[in-house]
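In structure tokens below, several structures.
In the two complexes that follow, subunit A is the common piece, with subunit B as its partner first and subunit C second.
Moving on to the complex of A and B:
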């Protein structure tokens, strides 16, 4: 077939499909080794998700073996009318947004300070990075028993001159307690990113600004901050992705309580599955959360990329 | 190496754990209370006697252990050969066929005197006359108090205190010494946490979760009165940070001398009377569980060991169960750690040992009486459609209890009012009650 074709057509025309074929072969040669990984990823992520969808259409309380039945979308209806689920969703947004914003502001501040030269800078930088390297579980235990404990806690000891010596952080202000621990953990991450941004800044521009007689504040707002923008956006994006999934801190520090005051979505779903043993409803919640996350992430990514482009155009 | 292999396959959900030769590996899921920790330490003796059986313990705190064990057994996961459960699970799971019937094993084991278990406890882990789990320790509840503080303050504990009297005493003793709260009561959410003492109090206040037709009664005046009382007592004279403290936390506080009274499980004695773990050894008096409208106010609970139906090593598992719940085990603990550390409240014979009577003089008698008096079928003043004192023996209670306990815990933290907590809880309870009312009508 191919020999007949090459005889009939001109040689130039014959090379085109051959080139295409060899390109395709090269493509496969490149992709081939990746196939096992792709298949593996699909198996371990998509099959469980399909199973979750199936479970979400069934009524199944693990502790009542006779309770299995198809219920259609009833589980989803229950999820959307569950006040605690909505509360947990709100908490998730609140905790993620506040943690990322506060950690970023502190991170910028620390990065600006660490960008200067001073004696022992390396030691200070290592110390500041440490919280991010500690296991989240250890972080939560540390805050629960050493910092926030009402009687022996260091925080109350420090604040006692101001008359808040016996405040019960974890039960009176659960969300704030969780936030404090999270911000403590995430500030170093933000600081590292911003610091990288600061150190990649071109000295010429700053010098030019100084020659033009700009004040420090003006230089920061009009030169440094626009330069840092993409680093900040990256930090916010990565931070949000991780903080949304926070589980350890809430599990250990507050157990989602008191009541369900500090439960976020991952914790609430865990509770519905492993304390309530309601497989159908927790599967439905999982599906709703995945869909919600995809929508929010898509919007956020688009927004961030748009600002990225604007900054680039503005800069150039 | 064998342990590592066992852990790996345990995680993978494979039940059969064999490491070459003829050695059988058992995976044992256990709650990490002090008495169970002792059992893990002492299991070296078991290994010496049975070199062909390898023991791999998975030891977790109560809430975590329960979640893991329940999930595994309910889904037929089969990674455990021995599970530690309570009288709450035993009967339900026996009914579902999730547990091995232990009666044939018991009958085949000549020296194993199962008649020696305290009758109320034995019945509570039996289904249709057969035992489906064997008690490791049993507990009711009573009120421990610091005799030295009471003497200093010039107050006295009545022989059978009422809750009003206890509240008055708590007020008197709160802050009598700096850093010492009047009473320690659990406030942590969880049906096995705050609801245990609260339900005992609820019963004696005359409250109940459901009437005989499964109509939820959480919004009833009796329930309300009990909840108000509990929340007020903990808030006014309880430990700081009460909404986050469960049994373990209260146990530590009391053992460290930071509470004047402690109403909780009788199993507390193994810790607070042990010089190595507390500073109040020998200073404690014990009063029966306080009451209001009933004659006694204790509960009945037991941590017991069962074999999931999915286990592939049932005979070896029984060999281990026999070792851990036998009379000899009690003596082993006594030899190694002293009589105050023996698992309390499961075997009648323990109470007859003179050495035990000596160290346990203050509490052995109230403990045995509390356990024997507990009546799981008629816990309060009015008839109820469910069994259980500090829990409702229905499958939904793990969920319902957890949700209600969250509300109660939030009220203790002052986040919501008691009325709000109960109104929300009533809604949860109604949903569950409806399914039973329907079943009853069918």
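Moving on to the complex of A and C:
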């Protein structure tokens, strides 16, 4: 802020037209560096989306090349009466919300355990971040064929004393299976964020609390948790962005099945596009998903922005 | 550098000297602390046990890999790794390396100036631009893949690694701009001001004044971009076939063509994950900085 202010005071001595010109030049100098990234992002993300909107108004099935025609909103009507689409939408919400919440709670727990000094802390932290680094496709394969496999899988072997020795996770509890793999993959992400928050906490405040006789629980709820708020919000925001778009885990673990029981929107639209070749329909679904996402995201971003935008003021 | 005082404290916080406990604490606490340490180790090992099991399985022979109860003691072998290597693994790695490194380089090339502009610009426009960038991340990839597929096929750019490079750049740029901006905000304004007074031009200020302070932040951003680019699957599986397929695609092709060989699959999964796991382990501190977007203060 002060750089802009000083430029203004410097040019205030000059005559009015010169001031306007230099202000405009300064404005461009400031905006110029932004332009390449902005133009690139608009070209690569917004132009295709405009095309999607156009496609969504057409009937177009790749299997019938002569099928192209304008159909108005017919694709949208079909989308909203498609029970499978609604099921996939509900799955998306269910999977995203549960995964982010459970991973965050586990992440907070793990971060609290790791925010102490003990032998091998670095090693344990290294172990725990590993699932986040493993290729998601490998994660899905690992859970499907090594952990959740009914006969030879490790999970059923460990659980066999409890009488669940032959449970077929992927076919009998597909959504839970997807959630297990996703939570495992995203917990380290949340843990790292919360740990960063814990370690940025001012030790003096905690010691003052101890001196005042606050219990550990009181200190956690009234001092630590409010301090962590920004980190938790950031984790929920970024986690949601990535988990909503989950494709690989479902593609490999359940193929959206049985039937479409565990399909989320990305997977269902993919099926309609690349297996059903129904471009018009899947484009309409894409547009609907984007509108839904924008509504939810606007509300969420408002909240997050309030904490992020005053970073500079809060710290200078 | 005189500038390190406020910004570096975050990483220094992780050093063991941070919160020294008062020396007069009772010894009863010590037993509790030891128990908590054991619990933490136990949970850590439990959490990572699927990976450990995958590593173990990768060193087995195929008939030892799928047994009930599981085989724990066996003569380790490298056969499965060799088999994966022989399945033409290298070209896929090459494609992944190009897609990851080039897209990360482009993200930094476009993102650093943009983040710089957004860290000094007036608040209103900044908010709009930042909101725009993050909103493109909200745009589900399925909503853009159809036109991209159609355009790529008309331009004969299907199964071309540079198509993935462009898409991965666009995929990571918004998050990178956000991260880099928060790191720019950590650079003390007085320093930039001083350079300006001495008549340094913008590129010079960026390069010689801000970059040395920003280096850990840039590394953190690059690391996050590399993780997401190496691990990306959706575009790779839909837009590539034989020439430009990346490591995640290799992994799926592997099981369908070979049937279900669990040990081989484990070896392949391990080899495919290893580069990013190692980079991530080495650069943990940068990873934390990147994920918390420099909010660590």
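Methods note: the second predicted complex is superposed on the first by the 283 of 316 C-alpha atoms of A that agree within 3 Å, B and C clash if a C-alpha of one lies under 4 Å from a C-alpha of the other, contacts with A are read in each partner's own complex, and residues count from 1 in each chain.
Please note the rule applied: a residue touches a chain if its C-beta (ideal position, glycine included) is under 8 Å from a C-beta of that chain, and two chains touch if they have at least 3 such contacts.
In this text, all values refer to a predicted model and were calculated from it rather than measured experimentally.
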Legend entry - Partner chain in contact with A:230 - subunit B first, subunit C second, else both or neither: second
Inset, instruction - With the two complexes superposed on chain A, say which partner A:186 touches: subunit B (first), subunit C (second), both, or neither. - result: neither
Inset, instruction - Check whether A:274 is in contact with subunit B, with subunit C, with both or with neither, and answer first, second, both or neither. - result: both
Inset, instruction - Using the superposition on chain A described above, determine whether A:294 touches subunit B (first), subunit C (second), both, or neither. - result: second
Legend entry - Which of subunit B and subunit C A:168 touches, first, second, both or neither: first
Inset, instruction - Would you check which partner chain A:85 touches, where first means subunit B only, second means subunit C only, and both and neither mean what they say? - result: neither
Inset, instruction - Name the contact category of A:151: first (subunit B only), second (subunit C only), both, or neither. - result: both
Legend entry - Between subunit B and subunit C, more extensive residue contact with subunit A: C
Inset, instruction - Go through subunit A and flag every residue that touches subunit B in one model and subunit C in the other. - result: 149, 151, 274
Legend entry - In the complex, subunit B residues that touch subunit A: 63, 67, 70-71, 74-75, 92, 96, 179, 188-190, 240-244, 395-396, 398-399, 402-403, 406-407, 409-416, 421
Legend entry - Interface residues, subunit C side, partner subunit A - complex: 10, 13-14, 16, 18-19, 33, 36-37, 39-41, 43-45, 47-51, 53-54, 57, 65-70, 110-111, 113-114, 116-118, 120-123, 125, 127, 129, 131-151, 166-167, 169-170, 173-175, 177, 182, 185, 189, 192-193, 196, 202, 227, 230-231, 233-234, 237-238, 247-248, 251-252, 255, 260, 262, 265-266, 269-270, 272-273, 276-277, 280-281, 284, 287-289, 291-293, 295-297
Inset, instruction - Going by the contact rule at the top, pick out the subunit A residues touching subunit B in the complex. - result: 61-65, 149-151, 166, 168, 170-172, 174, 254-261, 271, 274-278
Legend entry - Interface residues, subunit A side, partner subunit C - complex: 2-4, 6, 29-34, 36-38, 40-41, 44-49, 51-52, 55, 110, 113-114, 116-120, 124-138, 141-143, 145-147, 149, 151-152, 154, 157, 184, 187, 189, 192-193, 195-197, 199-200, 203, 206, 230-231, 234, 238, 241, 244-245, 247-248, 251-252, 265-266, 269-270, 273-274, 279, 282-283, 285-287, 289-290, 293-294, 297, 301, 305, 309, 311-312, 315-316
